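Two complexes are shown next, each including subunit A; its partner changes from subunit B in the first to subunit C in the second.
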Partner chain A sequence: MRAGLLAGRIGAVLLTALAVGAVAGPWLLSTDGRERLAAPYAPPSADRWLGADDLGRDLFAQLVIGARGSLGIALLVALAATTIAALVGGLAGLAPPWAAGIVMRVVDLVLALPFLPLLILAAAFLGPTLGVRAAVVAALVWAGPARLIRAGVLAAWSRGHLQAARAMGASAWYLLLRHASPVVAPLLVPVFVRAAMTAIVLDASLAFLGLGDPTSPSWGTMIHWASVRGAMLTDAWLWWALPPGLAIVLTVTALALVGVATEDRLNPTLRQAR
Partner chain B sequence: MSVASSPVRSRTGLVRAVLGRAGGYLAVFAVALTITFLLPRALPGGPLRTLGGADVADLDPAVRAQVAAAYGLDQPLPVQFWRYLRDLARLDLGESFNGGRPVAEAIADALPWTLLLVGTSVLLTAAIGVALGVIAGLRRGRGKGNLLLAGVLLLDAAPAFWVGMLAILFFGVHLGALPTFGATTVGHTGLAAVGDVATHLVLPVGVLVVAGIGQFFLVTRFSVASALHAPHVEHAHARGIPHRRVVARHLLRPALLPVHTQLMIELGWLVGGALVVETVFAYPGLGRLTFDAIQGRDYPTMQATFLTLVVTVLVMNALADLTYPLLDPRTRTRGAA
Partner chain C sequence: MSPRIRRPWTRVTTVLAAGVLLAVAACSSDAGEAPAKDQPQTAAAVTIAIPGDEGTLTPYTYTTGYPGYNLLTLVYDSLVVLDTSNEVTPLLATELTVSPDSTVFTLPLRTGVTWHDGKPFSADDVVFTIDYYREYDTVRFASPLAGVDSVQVRDGAVVITLSQPDPEFPVRLLADMPILPRHVWSSITEPEKAPVTAAVGTGPYRLASYEPDRRYELTANTAYPIGKPRIDTLTVSVVPEQQTALAALRTGEVQMTAGTVPANLIDQLSGQQGVTVATGSNFGSTLLAFNDGKAPFDRVEVRRAIATAIDTTDLVDTVLLGKGTLGSPGFWHPEAPGANTSLTHTHDPAAASAALDAIGATPGPDGVRVLDGKPLAFDLLVYANNPDRVRTAELITEMLAKVGVKTAVRAMDADSVDAKVWPDFDVANGRDYDLALWGWSAPTMFDYTRLAGLVASDPKVGRLNVTGIRDADLDAAATALNATTTLDDRKAAAGELQQLIADKAPFVTLYYPAGAYAYRSDVFAGWTYQQGAGLLHKHSLVAWAD
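On to the complex of A and B.
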């Protein structure tokens, strides 16, 4: 099996496992991660696989439930950002040059804004609910992909068969749906994956800075509390701060594997070279 | 694609490009100004509460009106905006709510540290990312290249703050080898002070590099792998030019152009991203100043740091723009080349 394909499959399997765990996991747990069941900072045992936090709450349960928060925001942001990027990039690719110029200047503008400070600002003032965080992250990450998609549309437009169809009087909508979309649609996969990766890391950073939603646990908030409650000063970091961080690494790596595999497959010059 | 065919055309092209770029920068700057102006006026609590401090809300109406007048908030918005711009032009950024220190002073203290931190990290990140990317690109689809790819993807997936926490634990607490807090230790002079600043830089820069090389690596790898069988490269091989020379002179130079573009796209991220690392290592830079200001609802400082961050990104962008013709001769015009 080719390496790219293998990487993509490993990534897909990991992602599926994580998603299933996030959806089904919380039902299989005997605790919701908020009950005080053990001694503070209790080390891992047969009952509590990852021990307990400073309040004696089960950390494994928090990790499983936190997957919902972290994967949830990744999915929301990726969907929103990909949609915005596809609409903006697609329209800019079809629009007359002056209109496209204006749109692309807006894209440049968003790219020049300091992302993280803006995000922190929004989270601090609009409240840290899932919807707000997802909306703000999506509002910041669509710009780069929009540029990519516009380039894809422009490239598709100049292809021979498309020009031929156009010369035969096909309408713009027909050209878009029948001929341009098969070329552009595969571009959306890496865009989606990249937005999901960015969302997970940004959201975790936000939570680490203490701006996460205290009512819905995520991997980021776990690391935040581990850091704030002194887990790094004792052995507790091993079962408190390490697992959620590794969970983030695993998820983002899985996404990256899928992204790299699709990007490699999409590039015709690479395929030819093989 | 044909390059500018006549000197006249290329000169007007250059002027247009420069004007267009400058216009773009001005537009971003104007939007940033507007955002920072509107920010305290649009947020919950209104400008009086946010500009005058929390307790203003509890004052009786007459006193409140006085405070509003003192801040010029009784004026119509355009007048307020004009005054804001006027103060800004005089570099009068107001005073911090937190201790009453002039904000301009706080920024002047913090900016050099961020420039040092981000500048060092960007150079190292680009150098290491590109070097690894070239290696992996040339060996794409083979064992070593794949191993390198997997390794970088893993590193890239780790959030900066988490890597920072672990770095503090191992290098600071367990090994006790490196300082984990701040940018300097009191009491060093001369060369010892330089060494002191450098040792304080090691961990934050290391974390930023680890967090940042992924993008440069991926773009380089992709670009190099795509160019491996480009016609001009095949032709160079066919002419019997040694492999190393083909790679160095024919393949890498055009293949590295997207990396430069990537650098420009990443700048906003890198400057903003330093915020997390500055917070983890209590590094006295702009990011931490911003974060503390947001946490403390210190609006004058917040406005000023936000604006400074935007300007920093714009200046770095402009630098990247200006250096591009050095890399790509096609964008040079005859007069300028």
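On to the complex of A and C.
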């Protein structure tokens, strides 16, 4: 089996496991992660695998439930960013050059924005709810992929069979739906994956900096509380900060593996080089 | 932060912005119960970690009320000083005589005192200082001076006459105001830009060197006539992260951290050889504020019911790990002077439910009570950067849910919360919130007029009335308090007002978090956890002559 394919399978298995855990996990737990069940700062025990946080709430439950928050925002952002990128990139590819020029300058502008500072400002001004966070990250992440997709559309446009169809009088919409989209659509997969990766890391960064909603369950929130409650000065980081950190690493790695595998599959030149 | 100038210093984010008045009482030492050997009371060199730069350490250029002002008091002296039990005792003045109507204050001055540059200190400097603060009035010492009618020098004594009786003048001003040297400051016309060479005082330590954003070096003033400095060289290092500062304390790089130790780290730190954590109660308060002008909080029954539903013992035990004092329903810290200690908080969810039933607030289909057609569902604002308060808000949500009141925690940055609760720090601007976690800094408990300020409906009197309470009884009691002319009368009036606050429940006083400060007792153990200033004050660092 080729390395790319193997990586892709590992990634897919990991992602599926994480998704299943996020969806089904909370039902299997005996607590919602908000009940106070143990002494504050209780270390791990047979009942509480990862101990308790500063209010005595189960950290393992928070880890499982936090997956929903972290994967949820990844999914939201990736969907939104991919949609915006596909629309903007696709339209820019089809539009007359002067209009495409304007659109692409807007893309340049968004690309030039300082990412994290802007995100911090937006989080401070607009409030830290899940929807706002997702919207802000998505609003910043779409620009790079939009360029990629426009390039894909332009490349597809110049292909022989499209030129031929056009010569026979096919409309732009027909061409787009029938002939260009099969070429461009696979480009969306890595776009989706990359947006999801960025979203998870950014959201965790925001939460860690205390700019997220400190009461909404997510892996970043767990790390935030571990940090502000001094877990780094005691052994508690082992069961409080490390597990959500590893979960983030695992998710991002899985996404990266899937991304590599799809790129490998879609790009024949890469395949031959191996 | 620079609470000194831009912001009212009673706001709680500037909790520590209090200087002399920062109040801590009932001091105890967790690990320092068996002193004797290896508890040196003097040291050649001690390094203190502070969280940020404090400018050139003059009354116009220091940055924070704590620890900046505390460092300032090592360089400058005031006329009198609060001792370890918060009583006014002499410093540059040898005694303080107050006229029966609290308008004339006579302060004979100590002789033989010199400035750090060798020039003699005199009554002229005191008169100059008062004039200077009144002319350049951007410092907090300026506002109590507004009521000064005249300042005279008679037989080496300074006589200050006020136009209105002010029994609290010694605490509010005389113990707070650093005395400036006329020969240095008379030529300074832009005090906000005072250079480091203007940091000349009569205090026990002189500022030897200053590297901005890095360190200060203070050396003992061997000519100090009032006592003997206990440390030869005091280095003050800027360490922005408290966690880093605590790590440095453990390794012995610093011998004291000015910041507080989080409750969950106290045991661990004090368990280490050579490290002592001194804890004491702090008069800074944490409250649940109602928007009293807005339904349903304009009904005292609703406020009382919510107060009764809250288990303050649980809050202190869980959020503060027991390192705090239960809130008195009368607001005043039970250990603060003038406290009405007969008041205690009642937690009784059944009674709270019954009280809400009685006014017709019955549960709707989702379990949330409905009063006058509106569900009892509210946003609870809280500073996102204050972990204790966020956790408190989460627990209050849990407690109120049990009596059918729904709250949603809204953690926002401090400025956004302030803008909704106390717009532009002026209660006359109104307010826009339902419930908020709020608090006042420690000095509030040292000034009885602030108790009136919390509940008087006239914005000019009720300058701290962020809940917007408007109640004839409270107004009458506040007016009566402000009209008293002797300290005893004022204390009595404050006791009555506390009783009334407990009854009307314009807000719920939840708790007063304790202070905890760590130091290396194997290097220098002379730190005393004293009234207010934590450990960092003259009484720790000077062996008084008498």
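Please note the rule applied: the second predicted complex is superposed on the first by the 269 of 274 C-alpha atoms of A that agree within 3 Å, B and C clash if a C-alpha of one lies under 4 Å from a C-alpha of the other, contacts with A are read in each partner's own complex, and residues count from 1 in each chain.
Note that a residue touches a chain if its C-beta (ideal position, glycine included) is under 8 Å from a C-beta of that chain, and two chains touch if they have at least 3 such contacts.
Predicted, not measured: the structure shown is a model, and the values here were computed from it.
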| item | value |
| --- | --- |
| First, second, both or neither for A:Pro40, with subunit B first and subunit C second | second |
| Subunit B versus subunit C as contact partner of A:Asp54, first or second or both or neither | second |
| Most subunit A residues touched (candidates subunit B, subunit C) | B |
| Touching partner for A:Val228 - first (subunit B), second (subunit C), both, neither | second |
| First, second, both or neither for A:Gly89, with subunit B first and subunit C second | neither |
| Partner chain(s) touched by A:Ala124 [first = subunit B, second = subunit C, both, neither] | both |
| Touched partner set for A:Pro243, first subunit B, second subunit C, both or neither | neither |
| Partner chain(s) touched by A:Asp108 [first = subunit B, second = subunit C, both, neither] | first |
| Doubly contacted subunit A residues - partners subunit C and subunit B | 124, 232-233 |
| Subunit C contact footprint on subunit A (complex, rising order) | 36, 40-41, 54-56, 124, 127-128, 210-211, 213-215, 225, 228-230, 232-234 |
| Subunit B residues touching subunit A - in the complex, by the definition given at the top | 24, 27-28, 31-32, 39, 43-44, 140-141, 146, 149-150, 153-154, 156-162, 165-166, 168-169, 173, 214, 218, 222, 225-226, 228-230, 265, 268-269, 271-273, 275-276, 279, 287, 290-291, 294-295, 302, 305-306, 309-310, 313-314, 317 |
| Sites on subunit C touched by subunit A in the complex | 243, 246-247, 262, 264-265, 268, 318-319, 321, 384-385, 387, 390-391, 393-395, 409, 411-413, 416 |
| In the complex with subunit B, residue positions of subunit A that touch it | 2-4, 7, 105, 108-109, 111-118, 120-121, 124-125, 144, 197, 201, 204-205, 208-209, 220, 223, 227, 232-233, 237, 241, 245, 248-253, 256-257, 260, 263, 267, 269-270, 272-274 |
